[in-house]
């Protein structure tokens, strides 16, 4: 990480800065989505961009997710670099054909001739009291599809560096931002930097147990690690940062070292991201594991509205702490 | 299994018979989809149904997958029992909003008041030289979503019994049929029977290694088991039959017995169904496993058209045989 | 296609009681929503809510043309539709607060009120997400010959969703008793509809063979007259229709949207409130026709306010669901 | 909206060479397709193919109005569009046989021919799946001021896909240089379009603000005239259009669909072939106008046949991709 001279940004600001820098650098980059121009997006992530880059490059669309994602695919094939904004991750249900049957396959089906350099930015994460259709984390679907890359940043620093790389990538990249993290602050240097896709980051070193966590779950894991420290358990926290490509080596090495692993992800627990990561680790570190890899995801229920119910659906520092202590006990 | 008096049906016939019986039993059941009436579906699975039940209950739709799936959700809520026909499993990309944000959540979001008893029938499977947009096996997406049930039959007998149960279920059920298996013949008794969702079936008993296989992969596993027998390795082949609910107990017990496990599924290998099954087994049989659970899925590539390339993307009897022998060696 | 309907033609059939009932309903919606805003502002309500104030005449004029067992589907801005179709304010508030006594046991919240007893198939937080459901309900009604009609309420933003046209096509082919009600309140969130909507709105329905009608959504009598006509038509098996109701929301897109200058002017808001208020328009007419005097209307207002106060009280006092509820209702019949 | 265009108006501009070139192209498509059918019947072709025979005038009339760098998107029934836009038959055949020399190295096959060199963004096996892509290409053209135009070919079955209307709306709002060409060959697979298509086809485009035009798809001169007009309009920045071309496919939905009695009569097929054949109509006109005589046309036919024979030969002889190709081209730039 370059020296940051104490500068701190929120995750929303980091995303905006990445977009602005890439739009300045490359006039082919543009953003399209709903209420993103003057409104700057309901989460205010894009405030100010239309003023700098104009309505031609920060484009308000109709509420036509499938349609404008398709337009982005065609624009990407013919020389532009679209960044598609899907307001809530729940609405990706509407764009799967364009992402999966078109964007992900165009390069392969054309024998490598056409390319689709586009970024899909959307959100994940619950606990905003937004109920079942505005709280999902559906990134596992994208991870399953060859031809797509999938990025889940967990800090402002990572968000900026990874988004810049995603925009420069020659392939369709799905980029998931946790809604609850938009206000999270963290160091972001003034100088330009990028972060390669496919490089996990060890957010905290430890020796007794490895906690692999994605996006929103990284902060929960770090909180749990502190609690564990008080209980004299040293937890290593690793953020894969990109789920495809997946940095299997870093995950497996850590598992070999600590011999115990918890995998956390905010998607639905069943048939989710944690299953793949757990499988990779179980395969790669089989002879070093002292206990089965434990998966902690969202409950296998639609996200309820009622606050006490919703809070029960996602892992917490306390629940991770307890799971980890039980494994190390 | 009831006595079958030697009667054999193809998988296509078994599906048709299940539909016809349920439509006779319950006048609320109807089918809708493209080219399913006079044409009887491009795969001829539905031949003869419109003649018996009329165009009101075997309904040709426009090429509007999202739209007619939505119509089915509303019809299911208000007293009918729709069976939605999506011609190729690849087109489920178009109906994810209706299946996931509507059908799967209506019961929960309404506090248990509205129900959505509907079946989505579609296909999976490659090697038909149909290329990347007509060869996918996308059932993993559905398994990930709470509120849905997911069925993958591997024999005519199972297809009939499971489909009848699916139609009688009070919930949205996704039912995936392997295109290449439509002509597969197998015993199907005359007498009525149903098969519960959530009960795995041991297709072949064995003691040295467990092969968990779904849909099309069951036949491949059984073929591999024969080859293994010649090499003096006794393979147990288990078909979970329904991926949600998942009969974890049967899978774990077999793994405990044999101590070695291969999981096969025709979906893309990464972040797929095999990861969940492997994780369930790794957790449940951890202390009994002699080797890491091995996953064998489709390659992580869009399905290519060219025959030699396409054939390389899916597991074969030979490749399973070799993997199993290596594990047991 | 957009023929004007003379509401006075219907007066004899509808009767004074009906107009007063509509007045009460509209005022109920408004008072309910003001309370929602208040609860939100006082940080007593979890999440967000989208207020229907200003648009009351649309929901009420249409639902008054429906039988109790006719179906509706609603939107993220759904309180008005639910109340107009007969929902009780106390259980609505309870739902908005995530309480067990709510219509959905607290699991749905503001955007997912559903109630089989009043034919409410559910509010829906996916823009355009309920068009299929409403069409499917009409399919059942036709197939089972129940005589029911289904109404799909949606904002003009849902004109951007292609699945709307897919189901309109099927409704038209199969002559289903469904009415697609487009509530054009001029804005998709923070964007004027004209920036994202090409061509002609009603033509989008008629191109698919639907009957099309457009109406002043601030005049409950006009809305009601058009609705009666289209409902009768649908019930008689003459097929689906699209009704375009021109209206306006007074508040923000949601309760938190308070600085609206960047997308619309205070003057525009003031003008609608002053000149086109649906409750004012109806009161003026009721008084002008001597169907009621100011005192009678004040009486109704007082009754409604008392009811709403009680409803808030009920909801505030009632309890949250037990945490073990979280895993229930995922699958039916289990 | 559907104004008739008099093709003779354009004759002076287009010239005789152009009509002869169109004749050659149409005959190339037909001969190509007959060979495809033959290869399939002799079990030499993997998978299936959807023949364009009978519809040649549409692709040729339109692509002749395009510049080499203008864009097209195509469908599952795409050979005609690809050839009309300039694809070479030998590499087409190679692709259909899954050979490495094919346009997509054998990875795409019949339904996915794509070729940047001829502006072919790709055939698409998802009905309606390329409407967004064609619109996006027009977006780029407008944004980069390249002057290119984009044509989206689709069968009338794609009218069932809602995303078509989503992108038409955007094309109209943003005045994009894109032309949506609806090839109405009367059937969606095995279902007559009238059973699944309500209302008025052209009105579905004009409702979204598109210019609309309808044309006899068997008359290449009529198609070409309409295309020239709409392409010029689009290139001049006047916005998108929908062109409805009425046509007919002579063969089955795909090569394996040989018993068609249950969905259409032999008589209907015969009548189209006898009375509305696009190649016959053009030959008659060419001879009638003395632009060519029968001998000249026979000469062209012989040349085309020889070229197609060579192309089949080339494809049959060329080799399959090596198996290690399977994991290449999944990600670009790697």
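Just so it is clear, A, B, C and D label the chains in written order, and each chain counts residues from 1 on its own.
By definition in this document, a residue touches a chain if its C-beta (ideal position, glycine included) is under 8 Å from a C-beta of that chain, and two chains touch if they have at least 3 such contacts.
This structure is a prediction, so every number in the text was calculated from the model and none was measured.
Comparing the centres of all chains, each the average of its CA atoms, the largest separation from chain C belongs to D.
Chain pairs B-D and A-D differ in how many C-beta pairs are in contact, and the one with more is A-D.
The centroid of the Cα atoms in chain C and the matching centroid in chain D are 46 Å apart. If you average the Cα atoms of chain B and of chain D, the two centres end up 37 Å apart. Between the Cα centres of chain A and chain D there is a gap of 41 Å. Centroids built from CA atoms put chain B at 31 Å from chain A. Residue positions 61-62, 64, 66-67, 90-91, 94, 97, 101, 108-109, 131-133, 146-147, 299-302, 304 of chain A are each in touch with at least two other chains. Shared contact sites, meaning residues of chain C that touch two or more other chains, fall at 104-108, 112, 124, 126, 129, 159-163, 166, 169-170, 173, 195-197, 330.
Residue ranges on chain C touching chain D, taken from their complex, read 159-166, 168-170, 172-173, 195-200, 203-204, 206-210. Remark: chain B residues 34-35, 37-39, 42, 60-64, 66-67, 90-91, 94, 128-134, 299-302, 304-309, 312-313 touch chain D in the complex. Residues 71, 73, 102-108, 112, 114-116, 121-122, 124, 126, 129-141, 143-144, 150, 162-163, 166-167, 169-170, 173, 328-333 of chain D touch chain A in their complex. Here chain A touches chain B in the complex through residues 90-94, 96-97, 100-101, 104-105, 108-109, 131-133, 138, 140-141, 143-147, 243-244, 267-268, 270-276, 278-279, 282-284, 286, 289, 291-295, 299-302, 304, going by the rule given at the top.
Contact residues of chain A toward chain D in the complex are 30, 56, 61-62, 64, 66-80, 82, 97-98, 101-102, 106-117, 146-147, 149, 169-171.
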